[in-house]
Amino acid sequence: MPDTPVPAPRGTSDSVAPVLEAVGVSKHFEVRNRGGNNAVVRAVENAGIALHRGRIVALVGESGSGKTTVARILGRFYAPTEGEIRLHGRPVAAGGIARRDYFRKVQLIFQDPFGSLNSLHRVRYTLGRALKLHGHARSRREVEDGVIDLLRRVNLTPPEQYLDKFPHELSGGQRQRVVIARALAVRPEVLLGDEPISMLDVSIRLDVLNLLAKLRDEEGLALLYITHDIASARYLCDEIDVMYAGQLVEGGPKEAVIQSPKHPYTRLLLDSSPDPGRSLAAGSASEGLFTATGELGEPPDPADPPTGCRFHPRCPFAMDECRESFPERTEFPDGQWVHCWLHQKGRAHLLAPAPPAQSLKETRP
Amino acid sequence: ACSTSRGSSGSDASNIDTLNMTASSATSTFVRNWNGFSPATDKAPGTSFFYEPLIRIDTMHAKTPEGWLAKSFAWSNAGKTLTFHLRPGVTWSDGKPFTSADVRYTFELPTKTPGLAVVPIGYRSLATPDAHTVVIDFAKPAYQKLATFSTLNIYPQHIWAHHNPKSWTNPDPVGTGPATVSGFSPQQIALTMRKNYWGGPGKGVKKVDIKAFATPETAKAMVLNNQLDWTSINWQSAKKYFTSKDPAHNHYWVYPTGGDSGLDYNTGKAPLDDVHVRRALSYAADPQKLLPLAPTGQGVANVTGYSAAVYGSLIAPAYRNQKVTADLSKAKAELAKASYKLNSSGVFTKGGKAYPLTIKSVAEYTNWPVWADGLAEQWKEDLGLKVSAVRVPLAQMTPQLSKGDYDIAWDWQVNGSSAWASAFGVLHSANTAPEGKPALTDYTRWNNPTTDRLLNAWQNTNPADLAAQQKYAYQLQKITVDNMPFRPLVDNGSFVVASSKNWTGWPSPANTNYVPGPTSGPDTTMTVLNLKPTR
Amino acid sequence: MLNGILRKWNVRIGLGIFALALLVAFLGPWVAQSLIGWSGHQVDYHAIGRPPGHGHLLGTNTAGNDVLAQTVLGARGSVFVGLVSAVLATVLAAAVGVPSGFVGGRYDRVMTAFTNVFLTLPSFALTLIVAGYVQGAPWLMIALIIAVFEWPGGARYLRSQTLSLRGRDFTVAMRMVGETRLRLVFFEVMPHLTGIISAMFLRAMVAGIFAEAGLAFLGIGSTDTISWGTMIADAHSQSAILNGQWWWFVPPGLCIAVLGMATALVNFGIDEITNPRLSAAGRRLVKKFHAARAAGRRAAGPAAAETAGRST
Amino acid sequence: MTDPALLQVDGLSVDYLTPQGSARACSDISFTLRRGEILGVAGESGSGKSTLITALTRLQRPPAVTSAGRIVYHPADGEPVDLVAQSERALRRRRWRQLAIVMQSAMDCLNPVMRLGAQFTDVLRTHDPSLDRAAAWQRAGELVRMVGIAPDRLPAYPHELSGGMRQRSLIALALACDPDLVVMDEPTTAVDVVMQRQILAQVLRLRERFGFAVVFVTHDLSLLLELADRIAIMYAGRIVEIGSSADLYHRPKHPYTKGLRDSFPPLHAPLRELSGIPGSPPDLRDPLPGCAFGPRCPRAHAACEQAVPPLRTVEAQDVACVLYDPQNPEATAHA
Amino acid sequence: MRYFRRRLGFYLFTAWAAVSLNFVLPRFMPGNPADTLLRDLQDQTGQAPTPEQVHTAQTFFGDPTKDLLGQYLDYWKNLAHFDFGVSVTNYPTPVSQLVGQALPWTVLLVGTTTVLAWVLGTALGAYMGWKPGSRFDAIFAPTTTFLHAVPPFWLSLVALWGFSYKLGWFPVGGGYDPKVPFSLNNVWFVLSVLKYGALPACTLVFVGFNGWLFSMRNVMVTTVSEDYVLLARAKGLAAWRVLFKYAARNALLPNITGLAMAIGGILGGTLMTEMVFSYPGLGLLLMKATTGHDFPVMQAVFLMITLAVLVANLIADSVYVLLDPRTRDEG
């Protein structure tokens, strides 16, 4: 198979208005903690994300950082505690846009293709309902044609073969494609993918990623792609946003973020991600930022997050400012931005040369 | 007094001095409550061993009253004055003498104690001229009230005056009766016979153990295991399962009570307002065939309902020997005469309206429902009439009968304390009520001026005047037999189960002037005093 | 899933027994009259309290009724009460549990508290008391009373299941596609509950039959219908136990037991499907495998075992 | 790599006996594990990785049975033994002192109603009865400290610990009796990359310290490439390729290995379009006569359908593919 | 702890509901103690009640639906003084005395049989679940399935027929031998209690243990296949240790809550057994009260049973919290 380079990202985020935008959204959950008292989990804090037509934004971060919550806020599954969601620039909160109309524009794809399809319904029913609900098909004929068309668009060919299958008769990748087809059935402009491939078998993940890329390229969908796996984000997306403990700490064009991370957490994430190329690049092992990974400490408790920059307890460069307040946004010419005091205080050089991270494995004599 | 080791009574080696008996109704546990003024239904048994009435009724001889605590009694003043002469030398079990003051106390208590659930006698005045005379004055002739005195036990004033009769459970009864309580446990009451009882020490019973039995089955098993000498249960197929197992010692007797049970027809309701319907149903009912289905030992009733063995000459000669029999041709003839016609599915119809019939019986009884089922079957086969048999719980039978919420019911008929009372309860219009309103005792809603007139006249006749009694009784009997507000089917009985392994001297229905029931007041005492140990 | 359940032998036998019971219940009088030749109430004056034989397959009771005919007729009394009470209980359970789990919020809290109160109350004692008040009630009433005390367990279970189904991705996904609430309940959630509901229904039915028999035995049953319960009660009150007339009280009890076992069988089948770990089939195969191996080794001697291990 | 052999697996086959027929989840598996070595096992879901792990430790549950093969264990002192032939009682003495296991889901592996410390002390005291309660607790404290958990968390119940802590304490638990071999079945799949890194770094450090060998199972080949000394690739219950990490990454021989490697987009290297492996794995209950990968293989040809290709040494690694069969005319085309 | 506070709140609410229900039920149900009394009177004397008697009985019992609120308040006041009123069928015996007389028997019978059945069922179930598919399992599972399906009272009847009437091994009913002096200091009395209780107890245990056995077996089978049990095996722990500390202990949890949940049902089942064996306990008392429309007694017995169930649930909750640390944090 020829190694065709992936086309470079087109346009920039500023040139056109975003389709869907979260402006300064926060989400706090009331929970009961161990003592039986009420506590507030600050799952997302003052986050902003903009999705553009024909572009894919990746949201990465470790477990519990609030990625799913952001996706669910965007999907109007949760109402944000603060901030607002704008669809085509129009705020959608209370009465702005009816739920039904909103779902027509924005669709969420779940992580688990096994769970997000009703095991008792055939593909035909699942997709047909989605079509009918939004008036895209009425008669049996129309529904049938619509479903076949959808299946074709997600590369389930020949479509007739899949019409009457139950979910358990499909492989994971096929199921996830049915899920995507269902989302497409309402003819949305935005797809929100919450780790859409993490439950899939390694060998078929790329299939789904390639399908999403195709939808972006051919249908101009705006996409949010949530993942743990930075490598896949790089493969698929145009832009990467990094989230830590409920806050967006860095973002920008993918290559910029990956090749020159501006936030220590992004560095940690990159260093932690397995990269066969790196470790096997013989002899290039040099000291990473987080050599003593064992002493990194636990991720923060979202119910009682650290003050200031939430990363400071784990950050090797932590300064007094970091403990006191959350840094302002620093913008870079190529569209990259970061919330980190290092840049505000002119200590960015500490991060500057991004050496290839240390290999996990010691080279044994 | 109880020994500390296992009880020794009834063991083969020693002499027998304890009579093992039960109360008449099944109870699994006793509650130590001998308050005679309480309306409780589950009081502790044994009352007749402690408390006694002034007179007793000789059931076996036309229910004639006889003196008991009263040596004698007499009517005067045209039935308006009743004088009791008390038996001298009677003492309470604590040694105090029994006097007319106790009688006065007992009779006055209901009127003087508000809220006491005891029916006052309803006299005008009561006088006790001396310690052994009680004179009671009535406003009207009160011959028929005499029987009431057989059920009124006399209580010692010197004890009860110190207690609240409404709330005291009287755990250690002091009475004139033949025994005292010597031990109590939830499953057994131990009594000791008094040595100084006025009726004498008896022929051998020294102790009595009253045992609890939860169901008749338990009692039967206990009798079969020789744990019981005496009980009162209706034992179906007793011959097969009991007496034939030891004919010499196992006895099962059914003593007549004077009355019967059979069919009550709701004469206030279609189609039973039609006498022909009632007669058709009656003539088609064959008690002879029913009895084997629940062979309790009871016999087929006299057509009047009065038991010939008890009432004898009070039954009209025409009926005296006439037991109820089925007569299908008569039944069919009556059916043809009826203004209601049977439709194809066996339901009475008139004017296009259908009148389906049910027969109700008490679910808890072991014999009636079976017989009722059998009757329904007979009517179906013989008349093509469809009657559905329904079993009504005991607690609801009375309200349903009383409100007239039935068509046909298996129920008691002539069961009063005297011939007059028996007829009065079920026939007099004073005891009935319009449909829907509760009737007191006349459930068939028989309402007939002639009947009322006869009953009223009979009430004021001196019982000693046999001819007058007969006059009214015969007329009333003819009315019921002809009009059939009810149809007697089966003789009512007191069931007596006795074993003569340990005790002999049991009377038998053929020659006795008392009924050996375990809870029959003075009759119980007479039975116990006459028992002789076999060892 | 439903297919899988129906393929299990124990489910098949269980359902077969149920079908038979229903059939007998519906055709009871006809079966009694035309196949047995005796209606339940018909009196055979020549055979009273007879043991099996002489034209009465299961003998007669002391009232001269054919026991087999009564057992067949009793099926109707028992099964109908069971059936009606089960329908009522199941409908109640579903009507309370499913919305409670699906709607959530205050409604749920109120309903849950209500259900829990019912669940904690000693139902049989209460049934007994209530039935005692309405003594002699027709069978429909008895069924109603039984149902009233039978639904809470099911409601609680259905609620928790609905709660979990409501939060499951497929329901959320369909909601996000814009599905209406009603259809979410009836087309997304309910189909997943059918297994539970049907198992619940069967269990409720047998529980109803049990309860009816129990009440009848205590003398509080329906009084106008023959049921297995009233048969046992009659036998008891007519001294069948004391007199050893086993043919009278054994058949109705066995019938109840067999129906009870049928539910157990069906439920086992369902359990094994929903929780495959409960199935012992695999273990049995493993045992057989080891036994066969051991036998093979013994037959071939120790040397063969060595090589056998390496083949394939 | 001159370390002596620790475990010799020879023709191991494991069957799942089901009423619908038996499925061979591990088929004719042979390899040698040296002391102190990390052997990675990779493959897609259902390829038999977990089955292999439980068979190696003789922990399989019905309906799994070891139907053929030997697992020869070479203790540091004493004669080699065939674990397959050992009785449960004999095995029990070896367990944890010589063979320890770390499983995927830490939440399920810790007894939810026992304190963390107690789950350490019971195994410590079972294998060293001389240890008293306090000393065992002390030792448990040392063990958890090794993986970065404060000993004062020992009285905690599992649900009171974070996912990462639970996973790390399982690793500490595995090392409690200083085993020769630790098998790990996807020990990091449930945690995120940062935690995964921490855990693996710890495993490597502890290995340095104690010198145990590791069999590490995961579906994440890119992780194994960084971690393992040698990697075995499994497909449909068979090892299709086994070799050093570097060889496998740079010169994968088996088309499946290649496909698997190309399923992981690179983090830094230039991007190109990747395609994964189309199709789905075969049904083990109904095995094909030939190569199980044939139907999905871009280079399949007639010879693939004939017989299951044996594992043979090609250059530095062993491959089971007809492309490397010297008798196969197609072979030269590639080699 | 908040968890406990909430549970306690729930129990108080339930107790209130039960007590109130208890108040309301008798007052709105048909049936009337006066009628019962009259019928019984007739039953006993063989004579119809006179019209005067009918009248007296009816006025004595009065109308139960008058001044409900006042009655309700009085009812609570009396309950607070443990005054359950006076029995109707045993007038004027206080209800507390009747309950006091019956309660020990039921506690004895239910207590011992429940514990026995539970222990037996749980132990056998644990053993069966530990090795599902074993010969023991294969034989026991279907047998107990059948036993579980047998109506308890019917089984009691059959047992009574077989063991008491046919074989004569056991007495046919009652709680003790009435011939023996009624005293706890008397060995013979205690022995007779054991002898009389043996058959009812056996049937109760026989019927009761199947349920525990099944739930335990099934939970055990599931638990045994949990990863932590596998890990316990991998740790080389002794088999009994794995069985008890890892598998059985965890599998036991549902059976413990089940026990409390079942108390109500167990009491219900006992009631029938008490009926069949005429065992002088609460069940028989309740039964008698029900047929006699003895409302005060019915209320008291029902209250006792409800409170017993509530207390059992409360205890089970606490024990559960002790045994399962996970519940302690639950919201």
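Letters are used for the chains, namely A, B, C, D and E, taken in the order the chains are written, and counting of residues starts over at 1 for each.
Heads up, the rule we're going with is that a residue touches a chain if its C-beta (ideal position, glycine included) is under 8 Å from a C-beta of that chain, and two chains touch if they have at least 3 such contacts.
Just so we're on the same page, UniProt names per chain: A, D = Dipeptide/oligopeptide/nickel ABC transporter ATP-binding protein; C = ABC transporter permease; E = Peptide ABC transporter permease.
Everything numeric in this text was worked out from a predicted model, so none of it was measured.
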Check: How many links in the shortest chain of touching chains run from subunit B to subunit D?
Finding: 2
Next item on the list: Find the chain most remote from subunit A, comparing centres computed as mean CA coordinates.
Entry: B
Notebook entry, point to check: Cα centroid separation between subunit C (ABC transporter permease) and subunit D, in whole Å?
Noted result: 48
Checklist line | Mean-CA-position distance for subunit E and subunit A (Å) | finding: 58
Check: Quick one: subunit A and subunit D, Cα centre-to-centre, how many Å?
Finding: 31
Note to self: Two or more other chains touching the same residue: where does that happen in subunit E?
What the structure shows: 31, 133, 165, 225, 291, 293, 329
Notebook entry, point to check: Of all the residues in subunit A, which ones touch at least 2 other chains?
Noted result: 34
Next item on the list: Could you list the positions in subunit D whose residues touch two or more of the other chains?
Entry: 62, 160
Item checked: Residue numbers on subunit A that touch subunit D, as the complex places them -> 1, 3-6, 34, 62-63, 171, 173, 201-207, 210, 228-232, 234-235, 258-259, 268-280, 293-296, 298-299, 356, 359-362, 364
Checklist line | Sites on subunit A touched by subunit C (ABC transporter permease) in the complex | finding: 75, 77, 99-100, 103-104, 107-108, 110-112, 115-121, 129-130, 133-134, 179, 182-183, 185-186
Next item on the list: Please give the residue numbers of subunit D that touch subunit C (ABC transporter permease) in the complex, ascending.
Entry: 10-11, 13, 16-19, 22, 28, 62-65, 67-70, 84
Notebook entry, point to check: So in the complex, which bits of subunit E are touching subunit B?
Noted result: 31-32, 35-57, 60, 86-93, 97-98, 101-102, 164-165, 172-176, 178-182, 186, 188, 278-280, 284-285, 288, 291-293
Note to self: Which residues of subunit C (ABC transporter permease) touch subunit D once you look at their complex with the stated criterion?
What the structure shows: 281-283, 285-286, 289-290, 308-312
